[in-house]
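Each of the next two complexes has chain A plus one more chain, namely chain B in the first and chain C in the second.
The block that comes next holds the complex of A and B.
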């Protein structure tokens, strides 16, 4: 039970933009989209490892890369001791027989011109298992096993409903008698009543055939229902992984906490439940934030040594800084709104932006720093404005990249236990930060 | 609480090549002023068409074939009374009996709608600000000239197109509407609204675009917002933001909201009252507590039992067997539509059940509201295998194929 069947180590999959021949000739720098950015975990034999995360966090790319449907940019995957990316010939065939995948979309994952029987027997035909008659018999058995009837074998996909199509997709994955199945959002396209049928089927088959699942989904209640362990992904990285009970009962990473809190419960007490929604959107994987990738939305952002303002205030200041750094604030437009064409009344400009950006009261020293930054902005000097704020409000979260420590339930957050090298980096950064005198109000 | 909308016996049908589809079948419900009505059901249950029917956006081959939609608006009632006395009852006006022009003038100013997929609901080649300003401009022109409904569509013709070629700067929207658009964007929580208004839809994230669509819907200051799966395409953290926003807007603007969704959690989070739809009918309706804590209809119970609970994971889910029927008129049996999937089907269910009153405003279209289930009256699967069953394999486990597409011998 505890032997890892699949071990993923530092897996990376980058997609490159601006990487055509023409771009190379003109010398354009290819831009990396870091879909999967250094992911490590194990899947133990006989268990279900759930992978959750929001769209664009790299769950599906992870599945495809892990199955070697895409070549990785870096890292390795071992399946039952064999390095998956070094396999070739018969060994690769053997891997493909032992590991299967079931896809999300019941409408596009089945060939509309093949009958259910042809779809299910295709893996058998590819791997040259049995005679035609035997394959058909196997397909009939499988159809019965997944809750369809054997006389539906000659029907085409369009004659089935969504739930039934997912059953066919599952039968296809089972056909070759695999040990390991990657389930990529198998129920997210289905209605709840049908979803429950398919979830029960997946659980039954696992018990019956000792299957190991990697279950990818964005629906947390479904993941909790089916998984033994859960990995939470954010922006191409695993931020927390552990036994299902622990992840859901005592989440450690602020992202996991926020994710769990965001799920609306189908319960009459739901209206009174206070939900601290996290702000903003997932950043682009083209240009992920430095340090901790969740820091741009994190409700528990760590303040630099020496600074102690309320968390909400610090969050607002950090957001304001991000807006300046990203150039989201259009200075010309702002002057127009102030109604001062000659740009003389700097105080009015400062007041207007200060009021708009902050709901929380600012302590005096911070009020001064913020206004100083806005004054620089009013003069059109974005660099200075950003630098003024950066100097005082730079968080360790943006300088030090957290990592997953060893253990049963690790998480990648500086607030919690971190590997020695991360702790060392943080201490070094904080010492440096203190020495430079930052943290005292700048004048 | 006063009622804003009383819907009586509304039916919408689609006349397709495969036959007549009864998408909405004799639906009745009430929307109270300043409250949220949640409409929940699976795909194909008719909830979206109900929403479209409310604001008269059903397109051919669809048609509202019968029913009344009474809208509480004293001003409108007074204005209409002289021309169409039959359409007025006190302060209420039956929208179905108004003229096309009058109905059109209510769209945007009285009723507004937001859709599931913000990416495909915006025009990708026009800035977000311009599209919102356009909605504001339509309302502005209409209020400047209430008699004329023509002014609303002026400027969209061949002449305009040719003129645009010569003078591309000539804009339909006024500066006033643009300012209103920026104001609306700020209201729905978009940072740097003046800057973002100049951006195109592809520069917005999904959550931001959904906010922009809400801003557009608010342009006419509507009494009722119909939100059709507004968070389904969004991630949970963004969904939580949008639900907060909707609740906040509903409260501050004293709007009513009809929230259409398949997600029971979303309903529980924002709805005051709930209508559960199945096969085009409202099978159960009542307050949130009535429907969630004290469900009568086996379909409501099944729906609630199918959702894995994130806080209390159970060992096994209890799904509803079978599939949603396809609503083709010829295939719909003359009995309770849910009977073939119902674990408590009885001989009583072989006739179409009326809507029974459970208590107060809690109604259910199920005989169990009146009597207890008894084994003695249980009806066999064979008697239920009317035209809705695909034929082979019985309908016990989702194994019956969708109807009308399969003929088995």
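The block that comes next holds the complex of A and C.
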């Protein structure tokens, strides 16, 4: 019961941009998009592992790479002991029978030119199972099992509703009696009322047929009832994984907590709910933040030793610093707003930007440091401005990359228990930065 | 492959559109004539009658400016000779400069045009769709290489290509015995073989396949990202399975529409190739236009009759193409259904 059926180990899938012939001739460096960036977990036989994350976190790439629809750039997947990426011939064939996928989009996941019967029997036809008549019979049985009726077998996908189409997609996944099904957001495109019915169907079939599921969703509430365990993904990494109840009752990682807080009541639009409620945008996987990838949005960002400002203030200061470092502040525009063509009234510039960037009150010492940085910015010296803030407000979260420790419910956050090497790196970093004059703003 | 829904669309569009019916009627008539030309034609199209050259169509008069010098009263006089119609229906659309019956020639010419149109398009479709789908489905380097090659082909003017190929192969043509004549159903005086102008067919196919490759590639590109393709691959479907079962069927509609339009274009191209003398066929609309061109001022019908036949065929086929496009396009990808 608890043997891992699927073991994912350090799986990586990078895409390379700027990799055309022209780019290579002009010597442009290929740019890696880290869609899946070192993911490890196990799926135990008979369980459902939920994988949750905002869109763009790499969960669908994870599913496709795991199913060997894409070749990984690193890491491995074993299925029932066999290394999936090394399979060929009959073994690969067997894997393709034992593991199936059900896709998200009720429209594009079914070929519009095939009938329901043809769609459901496609895996049987591919693997040459049974005669045409036997397959048809099987399709009829499956249609009834997924809650449709056998006489709909000759209908085309457009004659079905979204929920019915997903049932057909599920019947197709079941057709060849798999053991493992990857459910890639199977209900995300459906109305909330229909979602529950399809989820129930998935759960019933799992119980009936001893299926193992990997259930991908962008919404924690969807996986809650169907999953035994949940993995939370952020920017291509698993940041927390554990038994479903523990994840919901005592989330450890700040991102999981934020996701949980953002789980809304059923009446809000289910599409962008997560994106709306966690502050900031998901950073680009082309250029993920150093250290902890969640640090650009984390409400619990760790302050450097010796610093003690209110957490919300620290968040604002860090955001402000990021804006300066990325060159997101338009100095010319700011001077124009100040209305000083000669750029002499630095005080007005400083006040203007200070007011715009901070809602929270700043303690005196921090007020001074921030203003000093802005003064440098007013002179057009972005580097000094950034350095001023960096010196005082550098967080361990940007220097040390957290990792998932071993255990039943690990999470990758420096606030919590970390593997020994991460702890050691952090201690080293803090020792280095303790004496750097924090507490007295540099004048 | 053709779903009941598609048939329904075709039928309802046909009942709505007068032009579609017209197109089908025109093409049906031309097809009928081409098939049964040996039975329908009043004369052997190749039979010359030097006593009856340049006779105008029934009911028309023609002035033939023949400058003859005659001795009249011991003086040389230049006279203008007028030829007036024969009013018999022997040659309803007149004769050409060698006295061959224009109606019969035009009827037999339909065979060449349709054969070149159909075979040329068929080869172009097979070639273009194979290349296009391979390029679109595999993408990357394969795509780059194939489509570059296609672009180079496109950059060749068709006439240059034709000259090159004819230089290479000569006017290779295949002579197939005409079943109607061979079986004795039609008069034995009719030409006993149907000429399949091989070089012309090859040229028009080589000139036109690139269009099919482009359309097919675009379709394959969009189909290959559909989830049902991912699904088929995750079930273990081979590339061939995916291409034959999913990519091809879902790419066919625009290819079909393009094919009807290209048949018309190819018939035109065949005409110009024949007109320029590149075709081996001596019985083709384009050939007759070329023959008649020099008599245009005096005997306009020699070129005009086959010219009108080309216009009719092209218009008819294009009308059918429009019908197919209108009937097959809306909601073809299944987006129109209730959800």
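Miscellaneous remarks
In this text, the second predicted complex is superposed on the first by the 424 of 443 C-alpha atoms of A that agree within 3 Å, B and C clash if a C-alpha of one lies under 4 Å from a C-alpha of the other, contacts with A are read in each partner's own complex, and residues count from 1 in each chain.
By definition in this document, a residue touches a chain if its C-beta (ideal position, glycine included) is under 8 Å from a C-beta of that chain, and two chains touch if they have at least 3 such contacts.
Keep in mind that what you see is a predicted model, and the values were worked out from it rather than measured.
When both complexes are overlaid on chain A, the residue A:375 reaches neither chain B nor chain C.
Of the two partner chains placed by the overlay, neither chain B nor chain C lies in contact with A:409.
In the superposed pair of complexes, A:354 makes contact with neither chain B nor chain C. Looking at the shared chain after the overlay, A:122 reaches chain C, while chain B stays out of its contact range. When the two complexes are overlaid on their common chain A, residue A:343 makes contact with neither chain B nor chain C. Shared-chain residue A:97: touches chain C; no touch with chain B.
After overlaying the two complexes on the shared chain, residue contacts for A:329 are found with chain B alone; chain C is out of touch.
By the touch criterion stated above, A:257 is placed in contact with neither chain B nor chain C.
In the superposition on chain A, the chain among chain B and chain C reaching more residues of chain A is B. Judged by the touch definition given at the top, the superposed model places A:221 against chain B, while chain C stays out of reach.
According to the touch criterion, the shared surface of chain A, contacted by chain B in one complex and chain C in the other, consists of residues 158-161. Contacts from chain C toward chain A in the complex involve residues 1, 3, 5, 144, 226-228, 230-237, 241, 245-246, 249-250, 331-339. Residues 54-55, 147-149, 151-152, 155, 158-161, 163-164, 167, 191-197, 199-200, 203, 218, 220-222, 224-225, 244, 248, 258-268, 270-271, 275, 277-279, 281-282, 297, 319, 323, 328-330, 333-334, 337 of chain A are the ones touching chain B in the complex.
Note for the complex: chain B touches chain A at residues 42-43, 191-192, 194-195, 205-208, 235-241, 243-244, 262-270, 288-289, 292-293, 302-311, 313-314, 316-321, 323-324, 392-393, 397-399, 401-402, 405-406, 408.
Contacts from chain A toward chain C in the complex involve residues 21, 64, 67, 69, 92-93, 96-97, 99-101, 103-114, 119, 122-123, 126-127, 156-162, 165, 169, 172, 176.
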